[in-house]
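Across the two complexes that follow, chain A remains constant while its partner is chain B and subsequently chain C.
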Partner chain A sequence: MTTETATTGASLAGAPVRRGPRPALRGRPLGARRLRRLLAWVFVTPLLVVNLLVVTGPGLASVYYSFTDWDGLNAPGFVGLANYAEMLRSDAVGTALVHNVLWTLFFLVVPMTMGLVGAFLLSRLRRNQAFFRVLYFVPYVLATVVSAAVWRQLLDPDGGVAAALSTLGLPFLDPLADVNFLGNPSLALGSVAFVNTWQWWGFLLVIFLASMQSVDPALYEAVRLDGAGPVREFWHITLPMIRPTLVFLGLMTIIWSFLVFDYVYVLTQGGPAGSTDVLSTVLYREAFQNQRHGYASAVAMLLSVISAATVLGYLALRRRLRWDV
Partner chain B sequence: MRITKRALVPLGLVAAASVALAGCVSSGGSDDAGGTVTYWGAFYAPTTEEAFQEIFVDGFNAENDTQVDMEVKELTTLGQLTDTAVAAGESPDIVYADGPSAASDFARADRTVDLGGYAEEYGWQDAFLPWAYELSTIDGSMRSVPASYGSMVLYYNAAVFEEHGWTPPTTLEEFEQVAQEADDAGMVPLGGGNAGYQGMSEWLITAVFNAAVGPEKIHDVLTGEAEFTDPEFVAAIELVESWIDKGWLAGGAESYFTTDDTANVTGLANGTTAMYLSGTWSFNSLTEVFEDPEQWAWAPLPSLSDDVEPGVFPLAIGTQLSVSADAEDPDAAAAFLDYVAGDVDRALEYTARTGENPPPLQMSADQFPDEVDERTVDLYSQIPETTNVGYATWTFFPPKTDSYLITEFDKVVTGDSTAQEYLAGMQDTFDKEFDAGTTLVPFSPQSEG
Partner chain C sequence: MSAPRTSILRPSAPRPSALRPARPVAGRRRAQPVTWIVLGLLAVYALGPLLVLAANSLKSSREIDTNPLGPPQSWSWSNFAGAWERAHMGGALLNSSLIALATAAGVAVIATTAAYAMTRLGLPGGGAWILWLLVSSSLPIQLFLVPLVSWWSFLGLYNQPIGLVIIYWAVYSPFATLLVRAFLVGMPREYEEAARLDGAGELGVFTRIVLPMVRPAVLTAALVAGLQAYNEFMLAVTFIQDRDLQPVALSLYSFQQGFTTDWSLVSAAGLLMALPVVVLFLMMQRTFIDGYVSRGIAV
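Right after this comes the complex of A and B.
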């Protein structure tokens, strides 16, 4: 059987319809096509295996463990939905979930706005743009532990920025002497979010800037000819044209905000008294301090469900609004 | 469903790659064959690591065919690293635990070997202090070896105390008088806090429970004959609340969460903190931080209630070592345990070089080398002679109760929990562990030292 007959069928009308390989492969020997297909699998197989071993496998294991009382040492015992029931009743999980929601709203608004506005202003610079791009991006490449340690010193109530400002002799700065950013339960979550924003917004700026630079300049020229100023340029040209990037980063911001762990753990470990606890710090504490891996797996499932719901909601919106992203 | 050859090709590739990767993973651990004992160490300073390597690892390797391979880990996370490795069946041959409770959990899950035979071979029952030996056994058989022990004490700066005419307090009245005068002098009366390491809270609670409630009552709770909700415990926590309200502890509630151990030790050294309740592991850090190392001093805990005799020493084991059930050469691993913890002279040589706490071995003051700091000799001479000894929470409390005690104390500091609420939760957590039979049997009070 030749390649032609093997890959060619017939339509209902009887006319031949090509369903096989693309024309570029036409006439090539069978071995070459198989080799090409084999090569594709060779390239993709390591990724599949890694995914299977470190993502899919542990993920499925977590689903199983969430229905058990596994303590990491002894054989897990099936407890049905007990972990989920306890989780739904838990004040710690409820508080952490609220903090995650607040964190998400903060990061959807503050760093995104800073990144967008910063990128727009930077895009209008004719000189030194690269310098500022690097300057704003540098915090992103610093190790979290390093930048968190630096900020812990800067926010220290005795030797930090607030204490230094309060000694300047300006009456309106005097109250700063009593401010303990990470020790005050009312300020701690916002302070950690601020530190994370310091690191994060430069990344958003660079991504938004790259996206803005791909916008056709003719569009800006056209709108300027119509008499539009910078604000209208931004609103009517920039924003619609970078919408795919904006929506994607918004989606990822939501997912990342529910997975946030590093800055919270390094700066406050979820304290004082749970005032900066997020779901991942609760999960970590239950798994690695209290040795309740089964219960921690149930909290992990909650995180997964939230992330999945975010993605599905995004897909639904994209379909309904006919977004091209 | 029909499986075609085409479908089998990628499946075969995935399977082959999986097997290859799995082989890579397992081959990493199989190199230990041929007489190697793996050990994870964690140290306060590079000089401590160097001393351990020379005295214990190199010393053992020079005398034995089996070689110890030490891998250095981060001190504050060694416990969690080990827990995870044990859970995954990938622990080193020598299994670290930060106290007898954690070690007993490993033993009950059969992740570590029974050391009963080795205990007889090396004479560990006679070598270790009775209370430490008992804590290392399960159903009468030794399952782990205590590698260091110490106590909670009250630290102060001798020069500062002399300047203010203070003497180390022995009663609550004296303690509060010094604290008030320190407060009036603009000092932080009592160091404390949990920044960077939430577990610091249990140092304070251990000191207060033992000094205000007393060893006998704690023993009764641990044996199920009393409860944490009894008035003595409530009064002890309320006493701490009063220190927080007055701004005595760490300078106040908010400062508590942003003050770490280093800040407290530094505060003592520069005279901004009057007293600090901490463990004897701080001996070496105090020596390093104080400009004049002769100026730091320790005193036994004062009595914080009329019912407790002054000078109680809450006994604590900070390092408990076992042999992994997966160890390829458990005999050699046990021999290394004996080399590290079973020989007084070698252990004290390490203490002399590093200031680290020695194992709870039967020893007398004249066995300490001259190089050992006299404050260390003083401590380890006093403890065996006294019967006023108590219980460190991380050594005698079961793990979940201990974890609750640490994490929920934050709410006491912020005022979100009352003493009664905090202790009721502690009792509830303890009850579950007590009923499950996972609690340790503490020694009888007034009988050991």
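Right after this comes the complex of A and C.
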């Protein structure tokens, strides 16, 4: 793990990993080196072509289209900053942004806590670790549409878990009858986030576990000799030692939370009444239902700026605080 | 890359009993049930919904109304035939398998050749390539989605499975390249040098020496890419319109959208979609998990 982050860090800092001509090659004819150079370009061509065609090219085109009134069919006309001005005034974008922020907070707290606690408890088992790890990871390999199919039934107002609990005869569970988790505007966003958490937290657990396993056991022995219990071990050894992973996954959580699309689109399509709209569903609707490609590109730029700002903030933290992350 | 591979399954804190007696042993023993209870609850949370899905896939649509969560009273296997027919699962599963295989194979080729060029063939540019890979693997799909639809229509790739596969190649190959590259960086060059001194050509060195050695990393990268392609939703729903060309994610999606949804059939269809992935995952769980762990840590 440390080697990995080290490599990534070094390359981010712009230190090219290159070597001069190796002694074994020096005696060979010049043609061999040129051949290798040529082969290098041939070998990198597939990556270059698909990336330029799919990611870099259209990505740059998006920057341009965000300044136009393009509808996807006719020639785009330049409108300056009009899309951005409209976006900043738009209630839909504002509401969606708030939902994205709430989503981010939810995912920074709920799945993170579940993953951390689960991984910590699992790391203390001497046996069956691999078994539980596989078990918790199963939901993560499932498709969004599969877990949506599962949870639509479990959250159903008539046949779901809440309805079943309300029939148990316990008075404090009675209000759970007829709760429409996905259809009630004040519950829908939380319900979608909850469904996504079910699929997501096992991934966090597995990565936290891998990170915890690289902590030096001697550290635990030391605090244990001081009489520390599991809670203190967690706060004083585990959390500080896995901080790089924690910060990294926190960063990825923020980025992914602003890009979330699948669960919202599959479960509620942004409804009811826009109560689960996020930036991605607004973008999608503007682009492919309202044919406002130019405006949608401006929303895409907002998403990209948020992602980029998060990464830059992370890099700044790394440099400023000299965090080893 | 190989360091976490061995360490993942190692119990984290082997506790030599000689170092233990600072605390009363009873304290440790009392802590254990709590651990087991929490881990058990988490296991129920992870697997319970899947058991409900499996149970509901065997109930008749009438039984599901009266008994939505319990085990099935009578097993109606005909749900699977019904779902197969009505959700077009046969064709959709075939489409998805082909898309996943083509994605996995393409990503493996793209990533391996590119990583080899970067680490061994002296590709000019050095660290700039890695920066470019990092940036393009973290760019939001939403950024290039809108223009890509127009470009793909123009190129005749819209509503074509191969068009979708090309997008998956592009989206999944940066991470795969970084993964294979990290593996190659940690691999000794002596075998290649020796083969060259023995007169092997550049292609021979690549195919006979390097490929067999990087196979674990390539397999991991390909598996992760194939699984992601099989499960992917946003790009599929944007780029495939014809029902006959739909991957299984889309047919399951439209099957659960209707107003009068038959949940026993949806459950059966969902299980049909999930089963191949779960079986494959259980068979190759270490490869899968290592791939995802490196995704979480390295990129």
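In the analysis below, the second predicted complex is superposed on the first by the 277 of 325 C-alpha atoms of A that agree within 3 Å, B and C clash if a C-alpha of one lies under 4 Å from a C-alpha of the other, contacts with A are read in each partner's own complex, and residues count from 1 in each chain.
Throughout what follows, a residue touches a chain if its C-beta (ideal position, glycine included) is under 8 Å from a C-beta of that chain, and two chains touch if they have at least 3 such contacts.
Quick caveat, the model's predicted, so the values are computed rather than measured.
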item: First, second, both or neither for A:185, with chain B first and chain C second; value: first
item: Chain B versus chain C as contact partner of A:55, first or second or both or neither; value: second
item: Chain B versus chain C as contact partner of A:46, first or second or both or neither; value: both
item: Which superposed partner A:106 touches (first chain B, second chain C, both, neither); value: neither
item: Touched partner set for A:114, first chain B, second chain C, both or neither; value: second
item: Which of chain B and chain C A:157 touches, first, second, both or neither; value: first
item: Contacts of A:268 with chain B and chain C, given as first, second, both or neither; value: first
item: Touched partner set for A:221, first chain B, second chain C, both or neither; value: second
item: In the superposition, chain B vs chain C on chain A residues touched; value: C
item: Partner chain in contact with A:293 - chain B first, chain C second, else both or neither; value: both
item: Those residues of chain A which chain B touches in one complex and chain C touches in the other; value: 37, 41, 46, 50, 53, 72, 152, 156, 288, 293
item: Chain A-facing residues of chain B, complex; value: 6, 9-10, 13-14, 17-18, 21, 80, 83-84, 86-87, 105-106, 108-109, 111, 194-195, 198, 253-258, 399-400, 403, 407, 410-411, 413-414, 416
item: Interface residues, chain A side, partner chain C - complex; value: 1-5, 7-8, 11-12, 14-18, 22, 24-25, 33, 35-37, 39-41, 43-44, 46-47, 50-51, 53-59, 61-62, 65, 72, 114, 117-118, 121-127, 129-130, 132-154, 156, 158-161, 163-164, 198, 202-203, 206-207, 209-215, 217, 220-221, 224-227, 229-230, 245, 248-249, 252, 255, 259, 261-262, 265-266, 280, 283, 287-288, 293, 296-297, 299-301, 303-304, 307, 311
item: Residues of chain A touching chain B in the complex; value: 37-38, 41-42, 45-46, 48-50, 52-53, 72-74, 152, 156-157, 180, 182-185, 188, 268-269, 271-275, 285, 288-291, 293
item: Chain C residues touching chain A - in the complex, by the definition given at the top; value: 1, 3-4, 7-15, 19-20, 22-23, 27, 31, 35, 38-39, 42-43, 45-47, 49-50, 52-53, 56, 64-65, 68-69, 109-111, 113-114, 116-119, 121-131, 134, 136, 138-151, 166-167, 169-171, 173-174, 177, 182, 185-186, 193, 196-197, 202-203, 227, 230-234, 237-238, 249, 252-253, 256, 263, 266-267, 269-270, 273-274, 277-278, 281-282, 285, 288-289, 292-294, 296-299
